[in-house]
Amino acid sequence: MGNQYLDTGWFMMVLTLVMVSLILYNISRAHGGKDLYIRRISGLNAIDEAVGRATEMGRPVLMVPGLSASVNAKTMQAINIFAYVTRVAARFANPIMVCCADATVLTVCQEVIRDVYQQEGLADQYDVDSVRFISDRQFAFAGGVAGLILREKAAATFFLGEFYAESLILAETANSVGAIQVASSTELTQTPFFIAACDYVLIGDEYYAASAFLTRQPVLVGSLIGQDWCKLAMIAMILCGTTFNSIQQRGTTTTEHKEGKWVDLPKERLVLAKDTFFSRLLKADPEKNIKLDPPREKLPPDQLPSGGPAGGDK
Amino acid sequence: MAMDQQAAPLTLAEKLQSLPKPMIYGILLVVATIPLFFSVKLPNKCIDPSIDFYAQAMKLPDGSKVIICSDWTNSTRGESKGEMEALLRILMRKNIKFVLLSIGDPQAPQVAKDTIREVTSAEELHGGKHYKEFEDYVNLGYFPSGEGTIVSINNNVRSVAQGKKDFPEGSGPKDALQSPVFEGIKSVSDFKMFFLVTASSTNRTVLERLTNCPMMYMVSGVMVPENTSYYASGQLKGLCGGVKGVYDLENLMEVGINNPGPGQITSDKYKGESIPGWPGKTNTGKGTAYYLALHFTLALLIIAVIVGNLGMYLSKRRAN
Amino acid sequence: MDYSLLKQFVAVTATVGLYSVLYKENKFYRFWEHVFLGLASGWALVILWTDVLKSGWYEKMLGASAADGNTAVMGYWPYMFLLPIGLMAYTVFNKKHNWLSRIPIGIILGLYSGQQFSAWMTYYGPLLNDSMKPIVPNTAEFFHPATVVPGTVYVSDALTNLIALLTVISVLTYFLFSFDVKSKVLHATSTTGRWLLMIGFGAIFGSTVMMRFTLLIDRMYFIWIEFVKQGLLHMK
Amino acid sequence: MNLFLQVDPKSFWNAPHGSTELTVKLFAAFIIGIGIAVGLTFIPAQLRKWVVRFVTFGAGLFYVLFWIFPRPISRAPTDAPRGAIEGMSFWIADSQPVIMTLTNVIAGFMIGLGIYSLLRVHFSKIAKQQRDWAFSAVLVISMLLMVTLGYADFLQRQDPANFGLADQKNWGLVNYGKDLLFDGLLQNMDAGMFSIVAFYIMSAAYRAFRARSIEATILLVTALIVMLSLMGVVEFMWSGAIDSISKDNGLIQSFKLSAISGWLKGTIQTPAIRGIDFGVGIGLLAMGLRLWLSLEKTGGEA
């Protein structure tokens, strides 16, 4: 049974399950009504200020949920934050615009934004065309949104989600019309460009913490604390691994693990990084020639596949 | 903007801090253009990821088989095409057959094929072999579901090619699996290397899912830091990043590694080994053509940043 | 004028049109922007069939015959169920039944989220491993000598590894959200974490600049060398 | 038999190409599908949430099983499973190629929504002759041209008799038109728009890269060092200068530009990015978990 996990190793599987249970445990803890602490995230306090300023100027708030090819966790997170922004904007009766780069994202945005207006009792204010599809082609999208920003003179812009090279086109264009900008890219390579061109930037994990901070939903707060526990667990593991490796790599060895078996070395040598206990735990060495014992029976002739995607290893 | 600021003439410090954008853009345009008209061979120092890339590619047995996943289109032509050209030159000179596929963009296979055609006709001029579609490389085309495709490649590479048609020169479509490239291929580990030429996030798609074949990436400059991390952890055997990586490869193809002579490139990692180059053949391409202009544009950026900071420093001193 | 020159001419005009926005928003840009958007969505509709639905759905659903007329690939009819599922999304504009659009979205999100566990495992295992480098040297030598013995941890390596370890940990600490940063140690670590992040971002900026400038240089090469010099003036 | 195993052998779930059986089953499937969709509209409001949850969970469950269930080893295509557990593991392995296409196909059917949204905006502009309506007309015309020429070209190339189209000599008007629109315009506009980023980098760096605070200074200095190290000439001269001071002194040698920038990348940048990445990974894992189990309310509450 254990053999099946040889290509990945059992340890990482257990670790993943531990992480998942830490998160689930904290969600249930938060559900129990415990009041849990989350620290301030500076970029998020700017949301109300940005929308307020847009209202003063009478210009729209523009939101872009990134360039994801279909809805996924990253866009859902952006949409959750946009729901909050829209709520604030709706209360001020400020026009909004959501520019989507994918039809599935558009569907979710339509649904969520309309819900927000309905919950606020402002269903008549909702304009279907405020959530629009621009293009699913990266630079056509960038060109289209840049054009919209310039013509509509957006007063506040929110770029949250998966952004790639177009990040700076959007951010600099918005900067040139004097918009106040809150941005975050799940692509770390784009973060420095947002830092250079935008007013507030959510870095890395702050993005995933944002919805918990804004809405204080127990599930989200609990999950965020669970994530913190996971990070602490990782820190502990890294420290533990470093200590272990430091000790182990001071010694020598006469055997090494190769293709799932221990083999003798011709000469004693220093312990290498790949020989260490932790390395074998985290990067299991796939065992090549596993034999099945006893062999399987063959399929009856009428059920034989004639080739094609019937899969499995080899 | 405050009115009185416009009335009063700007001081030098203020001027330095607020150069008009069109002026900066104009200078950049000029600086990026003029060096293109001059061909100058610049001195260079090859970095380790490029050296590893070259060495590992050169260590592939002649006539072996590899997979090229090409995920770039014309929008990143400046970097990716140079990378692709360098890779193809190495593979073609070593007579390595390859499977071509794309998980990044529907247009990528066509762009890759155009590049293959250009490189193979350039190679023919120097007595190189003419690479024929279907015979020497097989094009599986574009796969819309990248994640699933890589999982399938990892599990059963033949299932991915099942039902795909390739178009040999001058005849109708044939089943890709009948191509000589797939001869004797049972699983992905029968391919000696998986090359990914990409300018998009497919690097992670592959990294997370492909475990049964060694990998080397050719990525655009923006992706270098991220992928250096995978190179450092050994997940990638070599890495060619951006136009600098291409320039490195072009130099390496000229002189090889640890070969005495002019412009010698030495590497401690391959000490005692000598990996040949191909002096006399066409090794230079986009890397050499663009490297000079890149110098000037980078220098311009540095100057712009210095000018801005100088202005800020001057105005601070005045305020004090 | 031959075709390839015409094609280049059109491309150069469009490029100049898009560049004109750098000066200011103008009608020339607006024209090319709308052409761009139109072509892009037209192309999306073309590849929707030719690259996604035809091979991924339609042909699998109908199967195929071999040259001799026998069935080569069986038709797989359950694929037909996907059409009504996809169509459910179109209820989103309907006030009463819009919830149906959540079903296809639910399937997509479900398929996505189910993959996250294995993706996390395969991705972070090697990275965790690589973050555990030894921080105690096993030799007194400081720098790498000419020949490096495999497995030797030189003092400089150990120092570098230590700094790398501290970096990972202080950055991770910076992203702890549920702890009060009033604690002095935690505050110091997370401030350091932020500074170290800036080093990381600075380095990313530096290497990205290279690519962006290369693309501009490539465009200039296209306009001036390929179009003007080689195309119009027939110079080599 | 496996519902998701789409190849032979013959089972209930497939039928020969072009047979009446296939046509009937396809038709029946479509009617049943529509029937289910219509039937769902009668579901009471409080159950709707559960339908969506169930569907999401079911879809996610497949990949969770794919991950956690033992994989078949040393399996030949003709092997029969040796029991229920292995039967399940064969089933999962066989189903994966089909499941992997679902997202794309379903998302593919939804693209019409995007196009509808786009056309709605522009047609209403044209109809009301609002400001810039002419540009909206340009958009619609270029879209129609692209669709028409794109499909016409595709259909021509589909015909095996037309393999000569790979050579430009044999092109007709349609092929030239499609090539001009796609290769000449669309692709080059992509490249053009992308290269605009270079200008914006210039202005953003000039405006924002001021040594105002410690953080900004750190960012600025690192960026400068890395940029200098990318300039082969500077690097070459710098290392020449270092070598002229001492060729053997390890300390002096490590002040080479490439050494500094390499050290910065390896020692600080990579671990820093990794640190963020660990956090992001956990965030993504948690978000995936919440989505799979439908734990969070989309849109949130005030």
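Descriptive notes on the structure:
Think of it as A, B, C and D in the order they're written, each chain with its own count starting at 1.
Everything that follows uses one rule, which is that contacts are C-beta pairs under 8 Å (C-beta built on N, C-alpha and C of every residue); 3 or more make two chains touch, one makes a residue touch a chain.
Since the structure is predicted, the reported quantities are computational estimates derived from the model, not experimental observations.
Set against the C-alpha centre of chain D, every other chain centre is closer than that of B. Compare each chain's C-alpha centroid with the centroid of every protein C-alpha atom shown, and the nearest one belongs to C.
Chain pair with the most C-beta contact pairs: C-D.
With centres set at the average Cα position, the gap from chain A to chain D is 14 Å. With centres taken as mean Cα positions, chain B sits 27 Å from chain A.
For the pair chain A and chain C, the distance between mean C-alpha positions equals 13 Å. Mean C-alpha position of chain B lies 20 Å from that of chain D.
With touch defined as above, residues shared between interfaces to two or more other chains in chain B number as follows: 21, 25, 28, 32, 75-78, 144-145, 147, 152, 155, 159, 163, 211, 222, 225-226, 229, 232, 244, 294, 297-298, 301. Each of the following residues of chain D touches two or more other chains: 6-8, 68, 93, 96-97, 99, 101, 103-104, 107, 110-115, 118, 132, 186, 188-191, 193-199, 201, 203, 205, 207, 209, 219-220, 223-224, 227, 230, 265-266, 269-270, 273-274, 276-279, 284-285, 287-289, 291.
Multi-chain contact residues, meaning those touching two or more other chains, occur in chain C at positions 18, 21-22, 30, 33, 36-37, 39-41, 43-44, 50, 52, 56, 73, 89, 92, 102, 104, 108-109, 112-113, 115-117, 120-124, 126-131, 165, 168-169, 172, 175, 197, 200-205, 207-210, 212-213, 215-216, 218-219. For chain B in complex with chain A, the residues that touch the partner chain are 21, 75, 152, 155-156, 159, 162-163, 186-187, 200-201, 211-212, 222-223, 225-226. Looking at the complex, you find that chain D touches chain B at residues 93, 96-97, 99-101, 103-104, 160, 163, 166, 187-188, 190-191, 193-195, 198-199, 201-203, 205-207, 209-212, 220, 224, 227-228, 230-233, 235-236, 239, 258, 262, 265-266, 269-270, 273-274. Across the complex, chain B is touched by residues 22-23, 47, 50-52, 55-56, 59, 73, 115, 119, 122-123, 126-127, 129-130, 146-148, 200, 203-204, 207-221, 224-225, 229 of chain C. Of all residues in chain A, only 8-9, 12-13, 15-16, 19-20, 36-39, 41, 70-73, 76, 103-104, 107-108, 110-111, 114, 128, 134-137, 139-141, 143-144, 146-147, 150-151, 165, 188-189, 191-193, 195-196, 203-206, 209, 212-213, 224-225, 227-228, 231-232, 234-235, 237-239, 241-242, 244-247, 249-250, 269-273, 278-279, 282-283, 308 touch chain C in the complex they form. Listed in rising order, the residues of chain A touching chain B in the complex are 7-8, 138-139, 164-165, 176, 187-189, 286, 307-314.
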